[in-house]
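When the chains are written out, they are named A, B, C and D in that same order, and each has its own residue count from 1.
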Amino acid sequence: MVPYTPNPGRSFMSDNIAGASAEIVQAIIAAATEHVPPYGNDTVTKAARQRLQEIFEREVDVYPVSSGTAANCIGLASLVKPWGSILCHPDSHINNDECGAPEAFTGGSKLVTVSGNDTKLDPQSLRAAVSRKAGDVHSVQPSVVSISQATESGSVYTVDEVCELSSIAKSAGLRVHMDGARFSNALVHLDASPAEMTWKAGVDVLSFGLTKNGAMTVDIIVSFDPTLASELAFRQKRAGQLASKMRFHTAQIEAYLADGLWLRNARHANGLAARLADGLKSIPGPELLREPEANILFCRLAPHVIKELLGRGYQFYHDRWAPGTVRFVTSFSHTLGSVDELVEAIRSCYVTKP
Amino acid sequence: MVPYTPNPGRSFMSDNIAGASAEIVQAIIAAATEHVPPYGNDTVTKAARQRLQEIFEREVDVYPVSSGTAANCIGLASLVKPWGSILCHPDSHINNDECGAPEAFTGGSKLVTVSGNDTKLDPQSLRAAVSRKAGDVHSVQPSVVSISQATESGSVYTVDEVCELSSIAKSAGLRVHMDGARFSNALVHLDASPAEMTWKAGVDVLSFGLTKNGAMTVDIIVSFDPTLASELAFRQKRAGQLASKMRFHTAQIEAYLADGLWLRNARHANGLAARLADGLKSIPGPELLREPEANILFCRLAPHVIKELLGRGYQFYHDRWAPGTVRFVTSFSHTLGSVDELVEAIRSCYVTKP
Amino acid sequence: MVPYTPNPGRSFMSDNIAGASAEIVQAIIAAATEHVPPYGNDTVTKAARQRLQEIFEREVDVYPVSSGTAANCIGLASLVKPWGSILCHPDSHINNDECGAPEAFTGGSKLVTVSGNDTKLDPQSLRAAVSRKAGDVHSVQPSVVSISQATESGSVYTVDEVCELSSIAKSAGLRVHMDGARFSNALVHLDASPAEMTWKAGVDVLSFGLTKNGAMTVDIIVSFDPTLASELAFRQKRAGQLASKMRFHTAQIEAYLADGLWLRNARHANGLAARLADGLKSIPGPELLREPEANILFCRLAPHVIKELLGRGYQFYHDRWAPGTVRFVTSFSHTLGSVDELVEAIRSCYVTKP
Amino acid sequence: MVPYTPNPGRSFMSDNIAGASAEIVQAIIAAATEHVPPYGNDTVTKAARQRLQEIFEREVDVYPVSSGTAANCIGLASLVKPWGSILCHPDSHINNDECGAPEAFTGGSKLVTVSGNDTKLDPQSLRAAVSRKAGDVHSVQPSVVSISQATESGSVYTVDEVCELSSIAKSAGLRVHMDGARFSNALVHLDASPAEMTWKAGVDVLSFGLTKNGAMTVDIIVSFDPTLASELAFRQKRAGQLASKMRFHTAQIEAYLADGLWLRNARHANGLAARLADGLKSIPGPELLREPEANILFCRLAPHVIKELLGRGYQFYHDRWAPGTVRFVTSFSHTLGSVDELVEAIRSCYVTKP
């Protein structure tokens, strides 16, 4: 067994500050020795594909890539023509945090935003948007609805909500993309099956994120539409995302899904966010902005508390969304102790000052 | 120490069938535990950058990516306008094996081929090409010369040859890109320094390949032109190649360069190709098509020998270039024994038949 | 003299329903006979270039194209990197009516909207937008401010307003683009000089529209930045916009600018909109939504009036922006009589009904 | 009637030096006066569409554009995925003279050349190319065969030759594009019907060039595949090629096709090239390189003759293809007299010198 020393420290900036689960590392070690065919024609990759089919209870097409940006953009490009538009939330990752990569990969499609509370698409607004200027040659054509599950603010669509949005999309001829950078966190929150939360709810292409939840450097494009298989394969290659030593991607996938590591990790991370919420509620002062559903917690802290926490070495995003608004993100590799310490630190800040 | 069992088998298809060096795996293990800032703001990445500066004896800008295709295409895109052309050999990897990815990343630049023996650009032909239709608005404009070092056929440009090509390029205002998917193999063949073979020889941007020579899944864009830094950073992000858990890329880089692993691996691989050449020369029948300079060997074998070898489980490319032409590729993880066995297998095929 | 029979009819849908001024047609006739060099190396083109330099009181680079979309998109592409963003009004033509062409021509730049009253960019909002996430590799980079002069709603920026926006842009390192599809209408409204309204006010590249104001099929990219000349020339060619029989574009330009045709046409069109406004004000019922500054008038009419006008053969856009909102556009080829008839038609609708 | 004074002068550089036929100019005059709906919803455009359907003896989709580059590139983009390749002759216009515009419009498709005599694709070579690396994700996928009719050297495919190439393309699943910048010249040479030379011979999308043969500034994308209609419409708009005052394009089309102007013009131009060939044959010295089939003639002249002709004010391309090789292009607006004068000029040069 490889020694694995969790060292959570005091950073709650993002789940991408974490390393990798021991099981993932072990799988990498095991994958490193053999001579195997490149580009995915190996038994590890075969096993990972098989595993994904079991998880999703059906045939799926699988394209491992090295980043969530790549997963989102290649997936979206397979669903939209250059003159199509992608309907997404103004605060979605694809709209704000990928430096225009969706526009680049799609040949210049337009992201058109659809508002809604809790970083979720509002069905009424979506209904108006899906047919806007349809058939008008002067306008981009609504083509894909992209749903983040969980969202950037840590909220989670219920299965019914996904179904409703998909239904609105499908009735107007649009396709459905799910940005699942935190797919596992959403899944364990809902206690739904992967199938229920995706293709059974109308999702055509999923970005299945592993990196934030225990893997090293792999996310997966999972397609539920077999007619996209050839296009996705060429787009993956052409994007520089067809790994020659594919096994190093797929060994992570296999270890992630085997024995429920992914679910354990996600439950752990979500549990810490809930624990943090409980802790904050026990303190007079902090305002919880939303009950955390996944592994992200937004709250409002007093300026002097933020300052004091930073001074003690805590790391987190603050004052980006609104003055005093703070985001804490927990992960598989954070410990209960680190969360409890954070709670106590906040408590003490409120007690002592200003 | 992690157990590492080389298992070379009988495949000589490519160096991408190999796993990873033990040192690389160890570095991954070490990198897996800590909480560190994402996107390269961590000490491992800092160390890797530092190491690259030492290796190249100057400031360099460094962009780790997950594939050689990405390294080549992002690098090229920073050197060429969409209406520019990239001068390359007809048999180069960027022209044949990247599914048009260079055209995609550059916004539709044209690859214009320049012939030459041994898969090398011929200086005379290049001289004619660099100014072809310069300033003619109806034509793509020669903008970059891309040199593969080592080439697809395993030949290696001498430092003087690189200098000559660069000089031709520079005198006409073109930039120089080096596709170094097998950079280390070329380097140890020449016994040159990295600086001599690159920026001192006029190279502006290098694709420094690690994956084929012992790493898992990382290649590096190394830029010697500081004015490209901002553009390369945005292009890397926008291509889905800015890894959040960057440390898993850079830990490989650090381990690769530390203690000369990269050079040892390359010498080993090159040595095996030379040993295979010597073996073939000792057999009446096989025709060595070119003295191997790196870790690739091209020869001509009798049809019955090819058939027999395949029957015995040997794997290699054959009959793609010309009838009877066979390519063997050796790697850091092939053993002397495996090469000797291959030689004896070929010898026995020639003795017994047809 | 060629016979020219204005036949304005009852359409006020847009200024692109008009034909061409007699002077433009005469210039085409004159240009049709000679053998001249292609691609702009002819005396007509030379004269047009010269004329533009006089009009703008300086050296300018001139690229005639066949549409406003092409003028805007090629111009913008020369000012923005693919990872840059273009700041524009939500109701601007480039954002709504070009089917994503700006995204296509720029290699996937993002249009980021900046609000403001009267379809004009609000300086305060712009000030916040120009430096948003500057230097953040995860975000598109504010790169160009695009100003429509006149705007889609017919409002006109004062010269001071253009200067202020340019100043905000320039102070943050952004470039300034002006969409002048109705440049002439804005100019005569302001009684400013072309120089004052463009380069002296900080504009780098102008789309100078002729088609809506008397020409047949030509708009011009006018660049005030000589460093863009080469790029614009290649982009024009590569966009399929370098006309071989360039003279047919430039003959229109020459005729348009000579003897003040462009200003007469614009004054006529603007005057008709003002006359229409006066007429509407004389009728109890219609609500003028904004005093027309160029040749576009927005008002609110009663539903039965809209219906009745349509029934009488009048054509105009209505109920697109808000229920009851009507847009009338006048042009160089509409007559006073036709406007007076329209006013009387509206008056009679209000008198008789409901 | 508009006065029309042919003034051929002494330029034989290209057919794009000519102006426009009187009938075309008349049509423009007629189109200039009315108020009509924009974007092709007018009676002139309707008539032109109808005319094209009669000419091609079937339903066709029609997209008028302002240049041959636009016609070729938008048409090709509708037939090829970004990872597809376009098979064309090395000397074709799309490969050499459009500054990489096909790569730009297609999102980075690759032009793969297929050789052949007389600037025509060789069927044997094409047969090898259409299935090259089909299904190999590392390679661009053969997707379209682009045939120039007439070719850049003035040769003309027979209908049987077009059929053979199309058959090879279709049997491998490729589409067929015809670059008909000189479509009319080819047609009258073959004495075939437009239908026979296009869709009956397997052509999917045609660039129907008018500009070189009497029109001012309009070429047409003619699609014989109704499933491409929507895509072509959006691509046309998005390329800045959907003219608001469409009538000025379509009036040219209508006049061009009505009463056989297009065929008369092409016969005149071809006849002049044949007359020039006859003249050259009557002179000892000039070497006719190929019997002209359309309106382009290649010959070899002595250096002193070239020099002398240039000195007398003659204009033509020379020494671009090989030393002493000269190209003369005739057009609808060249006169018999001008060709006869050219012949006599050449004769006198040979007589008097060196």
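Before moving on, here are some points about what is shown:
We take it that a contact is a pair of C-beta atoms (placed from the backbone, for glycine too) under 8 Å apart; a residue touches a chain by one contact, two chains touch by 3 or more.
Source: prediction; values computed, not measured.
Chains that count as touching both chain B and chain C, per the definition above, are A, D. Ranked by distance of CA centroids from chain A, the top chain is D. Over half of the residue numbers found at the chain A and chain B interface occur in both copies, marking it as a same-residue contact. Once the centre of each chain is set as its mean CA position, chain B and chain D turn out to be 43 Å apart.
Mean C-alpha positions place chain C and chain D at a centre distance of 34 Å.
Centre-to-centre separation between chain A and chain D, using Cα means, comes to 52 Å. Shared contact sites, meaning residues of chain D that touch two or more other chains, fall at 82-83, 98-100, 104-105, 107, 137-138, 234, 237-238, 242. On the chain D side of its complex with chain A, the touching residues are 39, 81-83, 107, 137-138, 141, 231, 233-238, 242. Listing the residues of chain D that touch chain C in their complex gives 2, 4-9, 11, 13-14, 16-20, 22, 24-25, 28-29, 31-38, 65-71, 73-74, 98-101, 104-105, 211-212, 216-217, 234, 237-245, 247-249, 333. Considering their complex, residues 82-83, 85, 96-100, 103-111, 137-140 of chain B touch chain D.
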